[in-house]
Structures are given as C-alpha cells and as structure tokens.
Amino acid sequence: MTSETETVASFDIHYRQYLGPGGEAAGGLPDFAGDHDVLRGLYRSMVLTRTFDKRAIALQRTGQLGTYASSLGQEATYAGIGHAMLPEDILVPSYREHGTCFIRGVPMSDILLYWGGDERGMAFEEAPHDFPVSVPIATHVLHAAGAAYALQYRGEPRAVAAVSGDGSTSKGDFYEALNVAGVWNLPCVFVVVNNQWAISVPRSKQSRAGTLAQKAIAAGIDGEQVDGNDVIVVKDRMEAALKKAREGGGPTVIEALTYRWHDHTTADDATRYRSAEELEAEQKKDPVERLRRYLTAAGGWDDEREQELAQRCKAEVDAEVDRYLNTEARAPETMFDHLYETLPSIYGDQREELKAKGKRDE
Amino acid sequence: MTSETETVASFDIHYRQYLGPGGEAAGGLPDFAGDHDVLRGLYRSMVLTRTFDKRAIALQRTGQLGTYASSLGQEATYAGIGHAMLPEDILVPSYREHGTCFIRGVPMSDILLYWGGDERGMAFEEAPHDFPVSVPIATHVLHAAGAAYALQYRGEPRAVAAVSGDGSTSKGDFYEALNVAGVWNLPCVFVVVNNQWAISVPRSKQSRAGTLAQKAIAAGIDGEQVDGNDVIVVKDRMEAALKKAREGGGPTVIEALTYRWHDHTTADDATRYRSAEELEAEQKKDPVERLRRYLTAAGGWDDEREQELAQRCKAEVDAEVDRYLNTEARAPETMFDHLYETLPSIYGDQREELKAKGKRDE
Amino acid sequence: MIEAVNTALAHELGADESVVLLGEDIGVNGGVFRATVGLQERFGEHRVLDTPLAETMIAGLSVGMAAQGLRPVAEIQFMGFIYPTVDQIISHASRMRNRTHGRLTCAMVLRAPFGGGIRAPEHHSESTEAMFAHMPGLRVVIPSSPARAYGLLLAAIRDPDPVVFLEPKRIYRMQKQEIEDNGEALPLDVCFTLRNGADITLVSWGASMHETLQAADKLQEDADISCEVIDVATIKPLDMSTILESVERTGRCVIVHEAARTCGVGAEIAAQLAEKGLLTLFAPVRRVTGYDTIMPLLRLEKHYLPGVDQIYRTVKETMEFA
Amino acid sequence: MIEAVNTALAHELGADESVVLLGEDIGVNGGVFRATVGLQERFGEHRVLDTPLAETMIAGLSVGMAAQGLRPVAEIQFMGFIYPTVDQIISHASRMRNRTHGRLTCAMVLRAPFGGGIRAPEHHSESTEAMFAHMPGLRVVIPSSPARAYGLLLAAIRDPDPVVFLEPKRIYRMQKQEIEDNGEALPLDVCFTLRNGADITLVSWGASMHETLQAADKLQEDADISCEVIDVATIKPLDMSTILESVERTGRCVIVHEAARTCGVGAEIAAQLAEKGLLTLFAPVRRVTGYDTIMPLLRLEKHYLPGVDQIYRTVKETMEFA
C-alpha cells in the first residue's frame, strides 16, 4: 500500500450471549433476569410453543393440517422477540413466528386455521396491527419499513419488528428495506433468524459474508449477533433495539444464531441433505433446557412446576386444536367476500355460480 | 457493554488517489505512469469522449439525436476502466459508459445510432462479447455475474467489468449480484460510478452508508474507494481487481468518486435541484485538466500536441457523426427480424401488414 | 393533462392527512414529467418523499404504509420500470385484504406514465396494462383527458383498495383543457361513452383514444359512418355492460389499443362480445393494436403505434363485412 | 411426469456441455419436487447449481450466462415466486436478441411448477401464464403428459430463444407413463390434437387437460357428443391454425383453463375465433376457468378449480345453443 491510501471507514460486529449451553451465566446478566417471574414467563412461552409445534406436526401427519413449518429448536429467539415487544409495537413475521404471535395474543386456533387452509386464521383481533404470515421470502421486510414510516409520520413512539431467515438476507427486498430504513432513520428492528438452513441450502451457500449482521453495514445501520438459543440475550438486545427505535434512534439488525431442528416444513425431508451428527450437536444447545437449568439452579424452578406447566400447555393446546377442528369450512362463494371492500357488480355472476356449485357439491 | 461481548468481525474501507486536483502527485505513482505513451493514451481517450459528448448534446438540441446521457466530468473513470481491461474481458455497461466503449473499439457512430433510435447501434462487432446499453437501473449487474460464471465455468482467464451508478446501489439487483459473486467467487469487478447524483436525488438520500464501497461488506467481498477524477488511480486499481478476478481471486467493488457536470440527460434540467456553486466547486477537480497538468509538468505534453489532438478528435467525431446521419432508417417490418431466431409463422401477417403500412407511408 | 394530475394530487394531500406521495425525483424536481411539481414545497418532505432508487421497495413500502392507515400514492417513473413492483402488487397489495379476511387493507395507488410516441429511449414506451388487468383484487385505471385524469385520480386515491393508475404520457401536454378543482371524483368501474353513434362501436383507452376519435370524425365526414366511441377508462374491473349494450345496438365493434395484441385487454373484450353478444354481431370484432414485437426505438416507433388510417380502414372493412 | 422432466434434463446435461441448471434446492436435495434428483451427483456442482435465495438473481444470472454461450435451465421453486423474475424476462431475456440486432442472444429456460390442487400453502397454486404470453420475444410452453414433458422440455432447452416452461404440478405424479429416453424433441409452436371429434372442440392446457379429457369421455358416453380435444401446449406463440381448422369443422368451442378468467389466455383464443371464425360458429365460445378472485387456501381450493361437471355442463349448453 502506498502513502496515498487513506482509511475512510471502519466497522466491528459484536456477538453477545448471557447463558452458555449448559445454562451457566457467561457474564453479568441484565436486570430483568433477576426477576424469576419474568424468566418463568419466558420459559412458559418456549414450552408452550414446543408443545404446539409437536401437536401441529402430528395433525399434519394425520391429514388434519396442511403443510406446516415448525419452530422446534428456535423457541428462545421467538419468545425473546415476543417478550421484548410492547403491545403497540408491530410484528411483521414470515411463517415460522407463531411462538411470537402467541405472546402477542394470537389464539393458537387461528394459526392452525391458517395452516389448515382457512383465511380466517389471519383475521385475529388480539394483535390487530400485526401483519399476517408472509410466504414470499423477504417481501414482508419491505412492509415493515413502510409500517415504520407510518409510525414515524404520525409521531407515534412505537416500533416495528421484522423477522426473517438467513435465506431471506440474499434477496434484494431484504437489502432494499434495510437501506431505506437507514436513510429514513425508521423505527424498525430487523431480526434475522439464522437457523443455518434455507430448506436444503446451508448458510455458507447463501453468502460469503462471515456474519449476516454485517448486512447492516451496507445500509449504514447498526448490526449485531446474539446467541439465538439464549432467550435472555435475545430479549435484552431486542428490548434495547426497540427502545432505540421508539426514541428516534433508527433501525437495527439483530442476527440470532440458532438451528432448525425439524424438517424445513412437513413437506420436507432434512435427512436428504444434512447429517444426524450435525443435528445432534446442535440439539445439545437446546434453548428450553438451557433456561430451565439456569432457573432451577437459581431456585426459580422445580419438577413440580415443570409437571404442572406441561399439563397446562397440553390442556391449552388440546382446547385450541378442538376449536380449530370444529371450525366449519366457509361457503365456497365467500372466496369473493374480501376481494374488494365492495365486490364490483361484474363479479356477481361468478359469485353466484360458486354458490350454486357449492349447493350441488353438498 | 458486559463481559460476554465478543468482536466477531472487523472491516476497513480504503480510499486511494495518485494525482491531486492540481495534477500534483499525491504519492508514489504506479509503474505504468512512468510511460508517457500510456498517459497520453489515457489523455486522448478522455479528450475524445469530451469532444463526443459535447457534439452529441448539440445534435440532440438540434433534433438530430434522441435523449442523450453525457459523461462530462466523468471521463477519467470511464477511460481508466477501458484502459485497464483486456480485449477478452467483458464490459457490462449501463448507459453512460460510451467513453469506455470507444476504447473497447465500438465506433462512435454506433453509439449515436442507438441514441438516435436505431437498434443497429448495439450490433457492433468490434467488442462482440460486450453487453449493450442497459437502461433499467442495476438489472445489468446481474448479467455481469452470469457472464462471469460462464467464464469461470469454461475455465477462461477472463474477467467481467460491471459499471453502474450511485443510484444503482440502492436496488436489490445490485446487492443480489454482489452476494452471488461473493459466494461463487466470480471473476467480476463491480465499478460504482458515484457521480453524486441519481437524476435529482443526491447521494446522501440513496443510503446512510458512509461509502458505497462498503456495500461489498454485505457480500463478504473486497470493496474500496478511489478518486474517480484521477485516471491513474482508476486504471491502477481496476487493473489490480481485474487481474485478481482472472486469477481466481474473486470479485471486487470499486467506488469511483466523481461528479456529473451536465444534466442527467438532455431531458433533464439540473438547475432545478442543485446549485451553481456546487457545480463550480466540482468542476475545479476536472479530470482532463488534471492529467494534462501532470503530463505537461512531467514534460510529456505541450500546446502543440494539445492543438493537434483537439483537431484530430474533432475530425474523428465529424466523420462519425456524418456516418450516423447518413444511415438510412430500417424498413418498418424489420422490427420483427430479431424477435426470434426464426420468426414464428403466426407473426407473418403482422410483418406483412407493417410492410404494406410502410409502403403507404412513403 | 399533467396539470390535472398535479391538481388532483394537491387536492388530496390537502384534504386527507393520510395521503403521502413517494417515488423517484418527485420532490424538489417535481417528477420527470412535473406531475408533482411544487407539492413537496407546499406539503413538506414527510408528505412528498424522494425515495432511494428501488421500485420493489417503493411498492413494498406502500403496502406496509397502507396496511397501517396511510394512503400512499407511489410514482413509478416510467411503466418500463414497473416490473420490479409486480411481485408486491400481485402477491401482497391485491391480497392483503383477502389474506387477513378484511383486517388489514391496502388503499394505495401506483401511478406510472405509460405508452409510446414521445421519442423516448428504450423501456420508456411500455403499455403492459394487461398484466395488471389479470390480477384479482386490483383496479387498473387509465384516463384519457384532463377532466378524467383529475376525477379518476381523486377516485383512485379515495378507493379503499389498490389501484394501478396509468397515465398516457403521449397526451400529457396535448389538451390544455382547464379543469375546475372542485374535488369531485368520477366513478371507477364504468366506461365513458364519449360519442354516441349508430353504425359501429369503437372501444379504446389511453392515448389511442385520440386516434380513435380522429378516425371517428373522419369516418363521419368522409364515409358518413356514425361511430359510438367508448373510453373504457377502468380496465379492471371491466364494465362490459356499457360495451355490450352499445354493440347490441350497432352490431359492429372495433377495439383499439397500443399494447401488443396477443393477450392484450382487447382480447378479453372481444372474447366477452363473442360470448355474450354473438347473435347481435353483424361482423367479426376486429382489434387495431400494437404489434406482437418489441416496441422499436424512436426511429420506427410511429410505425408500431395504431394510426388513424389503420383504425379508419379497419372500421370501413368491418362496415363492408357481410 | 416428474420423472420425464428429470430424464429430459439429464439427457441435455449429457448431450450439451453448455447446459447448466440453477435454482434453489435443486442440488443435493434434487428440487422440492425431485425434478433434478441425482443430477448434481451425476454432473457435478458446476453443472447443477444451488443458488442463494433470490429469484431476480436467478433470472438475471441466466440472462448473463446465456448471452455468453451457456444454456441455463433455471428452476423457480413455485410459480408463486416467479414474479421477481418478470423484470428480467420482459426487459432483457425477451429483448436481448432484438436489442443487439442478433449479436447477443438468450437461449435460456425458466422452469416452474404451477397450478393448484395439491393442498399447498398460500402462493403455491398460481397459474399466471397469461402474463408471460403477453411478452413479445418469449416462448411459453406447458406440457400435460410425461411424453410431452420430455419432448417439449428437450425442445425448450435446444431452442435459441428464451422459454418459460410451466409444469402442472398437480399431475406430476399422476400418470406413471414410461417414456423412452430417445432424445427426440417435440415441435414447439404447435397444438396437439389429443382426440378427434365432430361435434365440438375443447381447448385446454396444463393440468386442466385431464378434467377436459374426462369430460370428453363422459360426454361421449352419456350424451353421445363427440369432442375434439386440443392441448395448446405452446401458449406463446399461439398456434391458432390448428384450433381454427378444428372449430371450422365443429362450429363449437369451449376453452378450459385454471387461471383466472379475465385476460387469461382463453380470452385471446376466443377473440381470434370470433375474429377469424365468426361465420363458422354455431354457438358462442364459452370459457370454463378459474374465478377472478384470489386462489383460496386449501379448504376451498377445489371449488376454485374448473371441474369435470362444469366442463360437461358448459359443453351441453353449447351443444344445445341455437
């Protein structure tokens, strides 16, 4: 390098973790971790989500649910996000965030309805501003930026949380959203759930970038990595980023490192492309067990509580599954009812035809 | 920050310049700069491009050319790229790179034909593998990555140079191209010609990123900044990046800092959105004058040479303009001749109709 | 017509706090066609937003804004650059209401100048309205006069569902018709009958409307053929009743559009005429359209566009059919 | 049919060094429908490429590869994710030859499974072939049997121009027809007459072909109506001569497709029949299609798809028309 070379920009990417795989505290814990009720709340959310996922998979296997994407192994990330958000914040999920949705108040039966093939599953009133499931990868990240602009425009101290996967970071939509969030200083947190796989494509084949957090540098915004299997660090950093956003501090990218335990969806077979050894090694980092160990050691949890929780989760899931299974299908012609606010008259014939068809099929 | 924080990645962006605005050497020059013939070649290219641009604008103003995008003020960047490339390399331009195209062997009359509204202008045989003008911003950057894969696939020691503007870096296509070039280690150099404006949108409104070179970090590839008005540093860094690419070293992003002197195109009026002061200040960094001063001081240039060059450029441009103006328009029905390799029979009627129409219009 | 667009945008910005404009070069520069000139100055940078250069982003932002209560009116600089928005428009804008069973909606307008004939560079002459006309849940509106530009744009902005609003740039500066800024919207979902006639029905929209009207005049004068002229205006949903009612009377129909023929909107109109009006047709329904090839660069573009002569001749042939 | 696709891809990979496959999950995983199973193992990672997750990129890379002499065959995992490729397809793939006056070309294939009826999630049931059928310079090919999948895919890969190749996933595993890997391509740009008949012409493509054939059987048996059945196969360019010739004989026509009705490819066929075949038509040309609404989630999807009954009834009505 010759003398005319000048360094015009420098960047660092940090990684954070509070609880190690064994549940041991890796350093000073954040204040909220001193409140065992808070930790128990996080733990309950994770256990409920895991219970739900297992049941949903079983429902699909028995033909009672459509294709389903479970969050097994990623419970800490989704619980941490949910417990960090305020009710007035806005969640913009992809399709694996039901663990967060439950914390937002969305009934489990609605999630089942949606994956069971009924649009009413996304009509939930408990989180009225939250976005629905978004299947086309990364497209929703732009919605998050737009929603964040609406909040900023109205001067509301609220923030938006966009959640997408490692694969989503390869798509232009993701980048364009970060870029505009940066230049407009939007109140938006972009959580990249890096579960190491995009169906069969490993993280290493998505990008040569050593971290996904550094995607933020291209947009001139903050980016950091956290242990996505440590619910305490996820909640802590998420709370900090949301607070910063609400206070006008702008956007943040948080890469949560975790692992997808199950097949991509029930339509996938992960044994085709990844080894049992890899899975086994990753499962040793179990986020649920990790918090239970810490909480137990800290005297905030015991077997009795564990059993009681297991029963309650099962009961809740049972009830929601019943509610789902007992929901009658809509009449065929209703597929026109939310096409426009008022259905243009020219489509009346088609709606009538469907009605007749439905009658005949009965 | 608590003890569990770990720095997992660090990056620096460098800026380079050899010649200062006054033509003074800012540091040790690269070897090729010792050869005055090389510098004179660079100088001639810049002067020819400037002569061409002024004439093209005049042609448009007098209704003899369509909308035209000049490269006034950016001559060093385009000349540096052209003189760094080998004939077998592939140029993937946007729409302002004619200065580079001329060095590649493309006749000026072809560039005029294209902007004059005739597809034959992109049929040039002198640079058979180079891509045509690409108007939709950033879309061509993906073509560069694809072309680079073709070279890598065939094991050819050739490289691709993609050229796009500061505005193009906001588009997902640009990012997706960098990302795949990184993960596939493609022989491709991405030159971002940062002329500070995207029509009326200033660089500061495109991205909060402090440099555009740092967009490379999101793809895990090398990125650097150069003084785009210093033809020596552009050629030097471009040669290094192309060499690296040909030798399997992978892609590079080079941000060239320059300034658009003229309106965005002849259809634009820059006085609506930027100040005369800004323009004046930027014009003091004139890339053409800069090299002339250096070369003159070094004893490699003088007024006689200057006059002779001016005359030669004028003569060349005159001849090419005549060739352009004397090119008859194609027959209307030829608009079907390159739609497919062989025109499907069902379009025969439409072609015949056009033929008849053309006859009637005569 | 461009003034009418500007007036309508200004009216809605003034009338509704939730209306925001976004696009490339629409702020200080007032848009490359000056559709938004003066609006940022008047309503502020938070109401009239210059975006980074990314159309997918412009559409995606609009969907997110609309779902949270704003009424974004986005400008795509030319229809040739609208394709990156297709995914957001078909996958989200047109489906958000249905996906959430009415919980979240998408009251957004995507404006774009379209069509050829202004000697512009490559990609600046597209007319691919048919692509959007095929998307359920969308409205596609195309004005062909200053008055309709004003009234239909007001309607589009006030509409609770997504609207693609295509402005025929060839006639941006054609008529200098004075329009009164009375805030009165025109109805969407209906055709406008511009001229009553007895012998044949001419159906068109956008810039071609003008060649169609000129041909109608010429036919009246030179050949004593009385043409009923219909401006479809709202391409989707398509008001066939007005067209069918007219063709039932005239028994003849010629459709004119600038877009490539195959799978253009003219095909849908002709198909429905054949389906519902077969018995009342005295002659085949003919289409005068752009060709099924790439819109050529400016030297040949006028040969690509449907001309008055072509329309005139096709109508004559249709009248002589027996 | 999926095996036929795999066999054709393997054949061309083996026969032509310049053929490369790219897409998401097509390598080790062999594609989510197993279309490319075993191919990466057999031909190597440089021939069968797992890409990062970005469809615009997949299309853009393909254009660049094709312009430099490769023959990329790209897979879009589901047609619901094809929209980010629209810009590259309409702006570049279909125009590169014309733009460079024949200097650079774009021999690429964009494969995508399409259509509904497999109880898949949202966005996994699209049939928007009409959007591509409107784009000049493109070919759009849709097989409806293993044999045609094999022969037409070979033809598509060997074609010197860009081809969008849509595979009706509902019938991927329907017929287990053994196909001989003889390397013989079928012709593009022509319709296939699957059954000769005298009373009426049924025109369809893709998965609907099967309901159409079933309806034809039922009509023959129950109502003694003899149907000529045509598989359009190449949607663009559209071989109307075969369809016109048939309708001239039968005088009646019903078109069946799964896509939403408005501005679907059926409209173009009906329009041309009305234009060129008006005098030979005994009855209006009817279309049995998907509805002009969002394809519903799986609980209602079967109501959206054109069924055998609907086709049957429409044909009866068309026969009874007078």
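Going by the order they are written in, the chains are A, B, C and D; count residues from 1 in each one.
Going forward, a residue touches a chain if its C-beta (ideal position, glycine included) is under 8 Å from a C-beta of that chain, and two chains touch if they have at least 3 such contacts.
Predicted model only: the values in this text are computed from it and were never measured.
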Greatest separation from subunit D - chain, by CA centre: B
Computed distance of Cα centres, subunit D from subunit B, in Å: 40
Rounded Å distance, subunit C centre to subunit D centre (Cα mean): 30
Separation of mean Cα positions, subunit D and subunit A [Å, integer]: 36
Multi-chain contact sites of subunit B, meaning residues that touch two or more partners: 119, 136, 170-173, 176, 179-180, 183, 205-207, 339, 347
Sequence positions of subunit C contacting 2 or more other chains: 52, 54, 56-57, 80, 84, 87, 91, 98-99, 122-123, 136-137, 238, 291-294
Chain-level touch network, classified as line, ring, star, complete or other: complete
Residue ranges of subunit B touching subunit D (in the complex, touch as defined): 90, 92, 119-120, 122-125, 128-129, 131-132, 134, 136, 139, 141-151, 153, 172-173, 176-177, 179-180, 183, 338-341, 344-347
Residues of subunit D defined as touching subunit B within the complex: 20, 46, 51-52, 54, 56-57, 59-70, 72, 87-88, 91-92, 96-105, 136-137, 160-161, 189, 237-241
List of subunit A residues in touch with subunit B within their complex: 1-18, 26-28, 170-173, 175-176, 179-180, 182-183, 185, 205-211, 213-215, 217-221, 225, 233
Residue ranges of subunit B touching subunit C (in the complex, touch as defined): 66-67, 95, 114-119, 133, 135-138, 167-168, 170-172, 198-201, 205-207, 267-268, 272-273, 329-330, 332, 334-336, 339, 347, 350, 354, 357-358, 360-361
Complex contact set, residues of subunit C against subunit D: 56, 80, 83-84, 86-87, 90-91, 94-95, 98-99, 122-123, 128, 130-131, 133-134, 136-137, 236, 238, 259-260, 262-268, 270-271, 273-276, 278, 281, 283-287, 291-294
